[in-house]
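Heads up, the next two complexes both have subunit A, just with different partners, subunit B and then subunit C.
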Partner chain A sequence: MSQRPGITLGETRSGFVGRLRTTLARRTEGRALALFFVVATVTWIMEPIVFTSYQVTLGRIALIGLVALGLTAVILMGELDLAVASTLAVAGVVMASIDNLALGIIAALLTGLLIGVVNAFFVVVVGINSFIATLGMLFFLRGAAFVISGEEPVRLANIDAGIAFGKPFIGDLTPRVLLFIVAFIAIQLFVTRVRVGREFYAVGGNREAAYDAGIPVRRRIFTGFMISGFVAALAGVINTLERTAADPTAGSTVLLASFAAAIIGGILLTGGRGSVFGTLLGATSLGILQVALTLSGVQVDVQNIIIGLVLLLAVISDPTTLRVVLGNARAFIQGRSEIQPEG
Partner chain B sequence: MADPILECRGVSKHFGAVQALYKVDFEVRPGEVMALVGDNGAGKSTLIKGIAGIYPFDEGQILFEGKPVKIHGPKDSSDLGIEVVYQDLALADNLDVVANMFLGREKVQNGFVIDEANMERTARETLTGLSVTTLQSVRQVVAGLSGGQRQSVAVAKAVMWNSKVVILDEPTAALGVAQTRQVLDLVKRLADQDLAVVIISHNLHDIFEVADRITSLRLGQTVDLFQTSEVTQQDVVHSITAGRMKYVPGMEQEEETA
Partner chain C sequence: MAGKPPSAVDTRAQVDSDLGIEKREFRLLEWMADRGIFVFTTALVLVAALFIDGFASLANITDVFNRAAPIGIVAVGMTFVVISANYLDLSVVAQVATAAVVLIAVSNASSIPAAMALAFLIALAYGLVNGVAVGVFKANAVIVTLSTTFIGLGILRWLTGGSIYFGPPEGPIRSFGTTKIGPFPLSMIVLVLITIALSLVLTRTNFGFLVKSYGSNREATRLAGVNTAWVVVGAFILSALGAMLGGFVLAAFSNTAVSAMSTGFDFRALAAIIVGGTSVFGGKGSVMRTLLGVVFVSVLTNIMVLSGLGFGYQQMAIGALIVAAVSVDSLARKAAVT
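Up next is the complex of A and B:
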């Protein structure tokens, strides 16, 4: 069997340049990047104050983004976690109900982990579809937040800590933004460089094959939901500190915004495709857009209309989706009924 | 001639009342391609799943390198160096070639950080060693590969783990002419590297091209063991459809007098 000369399977790509090339070759953030530039440019021209008062914008991005980052870990495996916003509220209430600040924070974060475990238990062990299981948890936890708090905001015992937390910590960056950056780096490294995290992609891509290859699929799903629960609880802690009170209604707008951020970031809801960096871009675009619209005096209702349009545009404008969409539109016009699924 | 690396002696398997395998003998030697043929329901898949440890046999003996071994689960067989490439290939479409070859067994440094460069090098060496030259890059995503390329990746994945026996379940079933060519060449190369190869196929043309010997099964029993060079396709077809069975189903130990 003669080997054809001159054909190699690409050179070994080690080192920074090599890794960059490999990385660029299979990016899924194309549309997120495009949208980011469009939003940033338009905002720069129309409402430059968004960038001059960047602390506000960064805070907004961190609020949506943090929850979206945790969500990304779950969606990569093809599961959904609708309970994140309720987890945020419950964690905040738990924290404020405990007088000692440190104990409160620890209790809140443990609550988040526990909720993740319960979610995963229903999905993996009981075998309920994750949309349904976490929808149940969404209602359950929101109700629990109201019951624990006695239906009104719980004031934080240590108000000074909260006030200190809202102030810039390093340079102009508040602790919230810093924690967001730390969470981003941690989760990004986890899913790209750490074995357990990398296997999330395999679980999302072909669960059967992953299982056959010896990947403990169930344990990976538990890990994913625990990350998502923990991060949501962390967001709850941050919220409570900043507002020096825990509101049982907290985070009600965050749920859909964080999903939107992840989707704009190029993640596939059926799993296996997407990235943490994409989610960051999605959250950034969305954050800038929301702040810009608010500052230019657009009503919240109209804002939602615009964000909805942007989300749809972002999804449709994905090159692979675009072809399917055009094909379906043509088929529809010509009266053929075979509509292809997206992706 | 080399001694068999893997030998099954009188293995049986039943599912409820259905006797899927009855006292089957099967062997494969290093450096040879052994074809496993038989009609639908003859027990080909049950036999390889038994060897792979997915459905352990009810009775009978498995010898590996001459020593009796017990295979109770998939891990037992892969520890011995037996790798099976199933028809569905078990590849994750969204991952690239390297990630698929190392699926579930990624190389790590410092305990948990993925060692990309090392994995990529090993994957490329394995593919080059098998003369798989149709891939443009080991960083291609599997979704974009042709059927033959996917099969090559799945086979390379099986070979990479220092395996001694590679079992291929219908490797050419879904492939076109050129793709089939690629895979058959690959099968020959595996045997050239002194691996024992078992190939299941319904395509006698393919089998006669690559196999050294042919074991034919019929209704759960071994009916014939051919040297490919000594028989015609007609003989094999006859064996598959009307081969003489040693045992009458349901009657223990009694030789049928045909």
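Up next is the complex of A and C:
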């Protein structure tokens, strides 16, 4: 494999600075890093308590980030899983409806996997766009959560387990934060070190080419949706344990925050580009922002406005398409047809 | 050709295959995607009239119409977004609630024309923000409208504090909401008029043609010299205006307005559009069919309410309906290709 004359991957530059620039140009976390620094600096000056009581902040980051990590796996392949919010609610309700705690957790996680399989079935076998398929599932599962729970929050039978779950486990870290760290490391290793995970990038980058290269595209998409379903169900289990009850309406703000985290993290919605680390940065920034706003006494409604604005800005400010977009904007204002190819 | 003369049927088959014309067989999926809605709606109404107690009463039918009208007005406007292959406009939930609250609250404080003018400006703003983000910045419509939903509802709840606004017991809004012509409430007539108007826009105007063209092949439309960004912005503005009128009608029906009153409008409208036969793959659809879809979805919801099935079951049914209708459309397309 050493003899590959004439093949260079990307731009080659000489010298350390050149190599650094090439590396930086390949990274996708720029916006997340910028947002992180702005949010962290402003918070440091205005509300330093966000950092001194870091357990609260870490808990919030884990809440936002866990679902976003699962989403990352799906979005890398250019698909989307809008059903995660409802999966979270359904998994929580399923878990609380079963009296035995261990059985309940297993049933909830299996529910998440099953939902992933159903989503992937509609996307891969039936051939529906994943936006619409998972949107239908979002509504269906939200209804299912209401039906299973009888339209009321379900109390967890084993309340002691829930209380123990909220306490620090190792050092200052609660089990929720530890599970989030484990999930982050697992998914990070999966998409960067494991062959199946690395192929997610290929599937998202160019599906035809991936198929021609012998990658089982359909199976990879099934895997991706199962990951996101499983992780969303895990988030539902954690929520239910912490609150000692399952709420069928849970997860509506999770949808917004987790998408915001993944998209700010630099992941391209059409697939093939982005990193799990970026999602972590995005989730961290949003977590700090939310805790800071809450501590400053800002209402939930205003927090939703701010996070909605961040998501809107993130989704329209993709650096690779920005040049094309500026051309489009000029054409739009001048009333001409767009001249540049679409991103 | 000597010997046995071919029969007439054989000749036609021979000619067809010579010319390369494929014989079109009856395909169930294609038929369901194309014409199924007529049969299903009729069947649903007949079954409901025969087996559900209380369905075929005048009071119930008026109630169905009253509830169908706001969703229908939202759906016919949103049809343009779906035809332009931009999935849907989730932010109608925020738009309908905003228009309703503005109509009641501002008309209480000053006058109805002022309220309508303000609501119109807000609708234009929604259409422009959604349309520019999707059309100019090429962002994904689902994500854009998801974020504008949260922004819009956040602003509305922040300003109103979640309180309920009551209209005056006498006045134009109240009388609009209660006037009936036979079993038809005035709102239903507004829905039919808007449907006819938007149907003419879609089938008879340059803009309507461009929406369809953009939906079926955006690259070709762009290369033809069309300013495609304006097409998308126009589609989102029509959707926003539909949502505004839907909000007016909803507020007039109950003579009250609250920020949470439009829950479920997004997927009910989408279900009506898709069940009506407008394709989420873009380029194909009609406003008249959406009206039929609205009837289907409203009758289905009414049957479930009369049968005592709660919100959860209704949401499950409509979610399943969306997935099923899109599946039929997708499978029919696949079958047509092979």
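In the analysis below, the second predicted complex is superposed on the first by the 283 of 343 C-alpha atoms of A that agree within 3 Å, B and C clash if a C-alpha of one lies under 4 Å from a C-alpha of the other, contacts with A are read in each partner's own complex, and residues count from 1 in each chain.
The criterion applied here is as follows: a residue touches a chain if its C-beta (ideal position, glycine included) is under 8 Å from a C-beta of that chain, and two chains touch if they have at least 3 such contacts.
Since this is a predicted model, take the numbers as computed values, not measurements.
Enquirer: Contacts for A:A261 in the overlay, against subunit B (first) and subunit C (second): which applies, first, second, both or neither?
Expert: neither
Enquirer: For A:I132 in the superposed arrangement: first (subunit B), second (subunit C), both or neither?
Expert: Second partner only.
Enquirer: So, does A:V194 touch the first partner subunit B, the second partner subunit C, both, or neither?
Expert: first
Enquirer: On the A-aligned overlay, A:L312 touches which partner chain: subunit B = first, subunit C = second, or both, or neither?
Expert: Touch partner of A:L312: subunit C, not subunit B.
Enquirer: For subunit A, which side has the bigger count of touched residues, subunit B or subunit C?
Expert: It is C that touches the greater number of subunit A residues.
Enquirer: Is A:A283 touching anything from subunit B or subunit C once the two structures are fitted on A? First, second, both or neither.
Expert: neither
Enquirer: Would you mind listing the overlap between the subunit B footprint and the subunit C footprint on subunit A?
Expert: The overlap between the subunit B and subunit C interfaces on subunit A is empty, containing no residue.
Enquirer: How about subunit B: which of its residues touch subunit A in the complex?
Expert: These residues of subunit B touch subunit A: 74-75, 86, 88, 90-96, 99, 103-106, 108, 112-114, 116-117, 120-121, 124, 127-128, 131, 133, 135-139, 141, 185, 188-189, 192.
Enquirer: Touching residues of subunit A toward subunit C in the complex: what are they?
Expert: Answer in residue numbers: 80, 82, 122, 126-129, 131-133, 135-147, 151, 248, 255-256, 259-260, 263, 269, 299, 301-305, 307-309, 311-312, 315-317, 321, 324-325, 328-329, 331-332, 335-338, 342-343.
Enquirer: Taking the touch rule as given, give the residues of subunit A at its contact with subunit B in the complex, in rising order.
Expert: That would be residues 1, 3-4, 7-10, 12-14, 19, 22, 25-26, 192-196, 198-199, 201-202, 204-206, 208-210, 212-215, 272-273 of subunit A.
Enquirer: Taking the touch rule as given, give the residues of subunit C at its contact with subunit A in the complex, in rising order.
Expert: Listed in rising order, the residues are 87-88, 129, 132-133, 135-140, 142-144, 146-151, 153-155, 157-158, 218-219, 222, 225-230, 267, 270, 280-281, 310-320, 322-323, 326-327, 330-331, 333-334.
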